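Below: a set of structures, written as structure tokens.
Next, two complexes with chain A in common: one pairs it with chain B, the other with chain C.
Let's look at the complex of A and B:
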């Protein structure tokens, strides 16, 4: 009798998944090291204008080419990623903290407070959040912090919903009943049993929010509302490359755009793996 | 005396699960409550242990009327009950090691000093070896986890025990062991017991008196 070898088709899928996770991790590591180490180590001025070398094609001297005033685009991209990541991470943390606090408070109190808070969340969700974000940045002069505030204040809604539903489901578990019967106070139940239960979900929401926040920063900067144009960020780089692109110079648009896409895919890939560990049964739609 | 007087309770005011149920348990008495699935006996057990607010009726514990339910119940009244639920998986916080699970009520009452001795004594009594105490719930079997849950219910030395289908998920030998632990505790402490289930043979052997749901819902 022929030897039966059992081979699951899941093996190959699992190994591509493992490679995707490794690839994402390496990419994120490279990006983080680059934005942290390059500026202090190379000591080059990203703003250095060289009009004699404007709009050069990618070459060994300028791997990403130069822009319309002769600034090196590789250096500009690194600085741009630095600003975009900073905005993305801080805005995601702000949004997650607000969302977790609101969602947990609504679920823990219940009753009319819960209903009022969630209707307010619905109200804000009904307005396109880019519009709301534009409204908020328009109140300040251009800079990093207005963008952070704008993205943070418009992105806590989904986290609030996720955390609220998670707390509601945890709150009805018998182990919470057992804790109450054991004399635990409201605070103790919240800190010891409910919060640790929602933190992984909230953390995941925060990581998934980072690429989203980066795109929002880019969108706002592209519209001329975000960062001042001289400050390199992925959004301002793409925005200022519109003129050269129309003249057929593709590299000032392509490389910042690629940076954005690669950073997004890498972060989302890691977040997807994390989500799968939290909840293996739900194949995520955001795996990317 | 634990008295449930004309209790009406449920999850929707318009359609209560149970209506006008009256039941009392004398001090030191063990009462078995039998009933088919879904009749509301678990809800009644939760009302008795002050974990579910009834829509009507009253609960009197040792002559004192229950003032509130869940967190609104005074801590002394809440902790007068030791509760064991049907599914150990759901009634154990998945993040706590078994030793912390058993010690949690002591810590919640500011009695951290007694943790080491009490946990050792109680886990020995329910038959959990020291090598299991460092494990988390997903690393032990249902029976082992239910033993830890029973230890947790006894750790504050309650005057009343409420066992809601405590043995439904367990095999015969674990069932016998846990019932023996409950009975030993009741002998030395004089605690009363309300055991809910649908295993007539078990409850009739275990309890001084069994009541069928149909007699209550007259």
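Let's look at the complex of A and C:
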């Protein structure tokens, strides 16, 4: 076993971290521009079936290849990312709003209400998210909205915990005491003094939630319980690639998943940099 | 220890009551109609009288709390109702499949814990070194990769391209008996994929824990006393660095169940997952309800296990939590 080294590797780590953040920012920008601009500008039909060109290997004409009915997979992936990101962002916003409201209400009222609410949060965390999601989607029939609702309803727990502890720590700050003794109303204290302190944490939680939500949507879609198969999302693309894969064609499976990995890493990389600025003392290498 | 286990078991009762009630409440709020589900296509042509009769027979006209209590009192005696889609009692469906799911999850979890700890320690030994950076980057990437995608790619590579491992199922097609050798061969791919999907968390936690521990005073003291690097790393740093991992074991159980659900689906493993997906696509309420409760029990057991381990490993923590 080699000698343990004790020399500082700080400089090198700081510079690789800076490059990681820059890379993430560029990737997120490219993805957002692609999903916003490609559909209106390119005017290609992602559903255009071309049976003569089915299951083509990746080439210059089709960088990601074509699927089993000859649709261009690069275009399908862009549309899939668009749907997945949309579902992810909406679900993350829903979850963050619920979590912030619950966490803030619990911390602000304290006492038995706080205890009951946090017990409910513990309770919800005892059920595996995906299973709860499957249950909700099954009961309300698959589709975009049940997926958004099920992801939103299962992911607010961590936000509620974060917001609660943040409000609790803010409430004991001197400036809040000063505002209260100065005669500010409860509402004014909440809106002017507590909310601005909580928003960055809640925003960070929301950004970190987006990859989770995308992951969830794709898992539900992969199980056949999410979006309808003709609707390209990263999950449905992987789901519908199972047939070609069994025949030995790897590209319809590889590229949608790769899009998801890259998007997740980029979003998490940006969020990680943001978290370091917010909580510089609790530096963590853990991203998600 | 026994006291803590008993206390947790007592705490589990209200949790399970609430979860089952929540399941019934969601079902009641949804547009799902058990009568139509039970009658199937025949329900489209049946007269209103027949449907009403069926409604009364199934007890659907009862209020939510009554139905929940009815289900609960039967469940306590082991009668979980009948699965409409699999045409079997729910208890039998679960009994036949649970063992295979537990086998897969336990093997994968064991591999993930052992391999994750080893890689994490090796990475923490020289933070910022090439091994550390390689392992960490790989861990981040795997953290972002969905298990079903990894499973499909692994299936393509090992079963289709290289032909070294079977692509799915429990035994070879056409083989009627389940032999140990066949199950072991069929277990390799799904267990490996499930383990790989869980490893990143263990690697990153162990790495962080051991790296933090290397900066602590006892470790510095041990080094100052001139102990061998290996003794310091394994005897001092790893011991305190492992503590957060024990908590992680408990908190990863829900993710393990989620991962197993997806991996089982990819590899047609005859466990709980296939039943869950079938139950969900055909809205088989009794089966879904039982599976949700089962998963909750597994999560509670995982939490208990991790707290017990923590109490055993760290004498500062008692068993009175």
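In this text, the second predicted complex is superposed on the first by the 274 of 288 C-alpha atoms of A that agree within 3 Å, B and C clash if a C-alpha of one lies under 4 Å from a C-alpha of the other, contacts with A are read in each partner's own complex, and residues count from 1 in each chain.
Here is the rule we use: a residue touches a chain if its C-beta (ideal position, glycine included) is under 8 Å from a C-beta of that chain, and two chains touch if they have at least 3 such contacts.
None of the values given here were measured: they were computed from a predicted structure.
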{"item": "When chain B and chain C are modelled together on chain A, clash or fit", "value": "fit"}
{"item": "Touched chain A residues, chain B compared with chain C", "value": "C"}
{"item": "Touching partner for A:268 - first (chain B), second (chain C), both, neither", "value": "second"}
{"item": "Touching partner for A:185 - first (chain B), second (chain C), both, neither", "value": "first"}
{"item": "Partner chain in contact with A:50 - chain B first, chain C second, else both or neither", "value": "neither"}
{"item": "Touched partner set for A:177, first chain B, second chain C, both or neither", "value": "first"}
{"item": "Chain B versus chain C as contact partner of A:254, first or second or both or neither", "value": "second"}
{"item": "Which superposed partner A:196 touches (first chain B, second chain C, both, neither)", "value": "first"}
{"item": "Inter-chain angle, chain B to chain C through the CA centre of chain A, in degrees rounded to a multiple of 10", "value": "100"}
{"item": "Distance of closest approach, chain C and chain B, by C-alpha atoms in Å", "value": "21"}
{"item": "Common interface positions of chain A, toward chain B and toward chain C", "value": "none"}
{"item": "Chain B - residues contacting chain A, complex", "value": "46, 49-51, 70-71, 75, 78-79, 81-83, 85, 87, 90-93, 95, 104-105, 108-109, 149, 152-153, 155-156"}
{"item": "Chain A - residues contacting chain C, complex", "value": "1-5, 9, 12-13, 16, 123, 125-132, 134-141, 211, 215, 218-219, 222-225, 238, 241-242, 245-246, 248, 250, 253-254, 256-257, 260-261, 264-265, 268, 284-288"}
{"item": "Touch list for chain C against partner chain A, complex", "value": "15, 18-19, 23, 26-27, 30-32, 125-129, 133, 136, 140-141, 143-146, 148-149, 152-153, 155-156, 160-161, 167, 204-205, 207-208, 214, 223, 229-230, 232-233, 254-255, 257-258, 261-262, 265, 276-277, 279-281, 283, 288, 291-292, 295-296, 299-300, 303"}
{"item": "Interfacial residue positions of chain A with respect to chain B in the complex", "value": "173-175, 177-186, 188-189, 192-193, 196-197"}
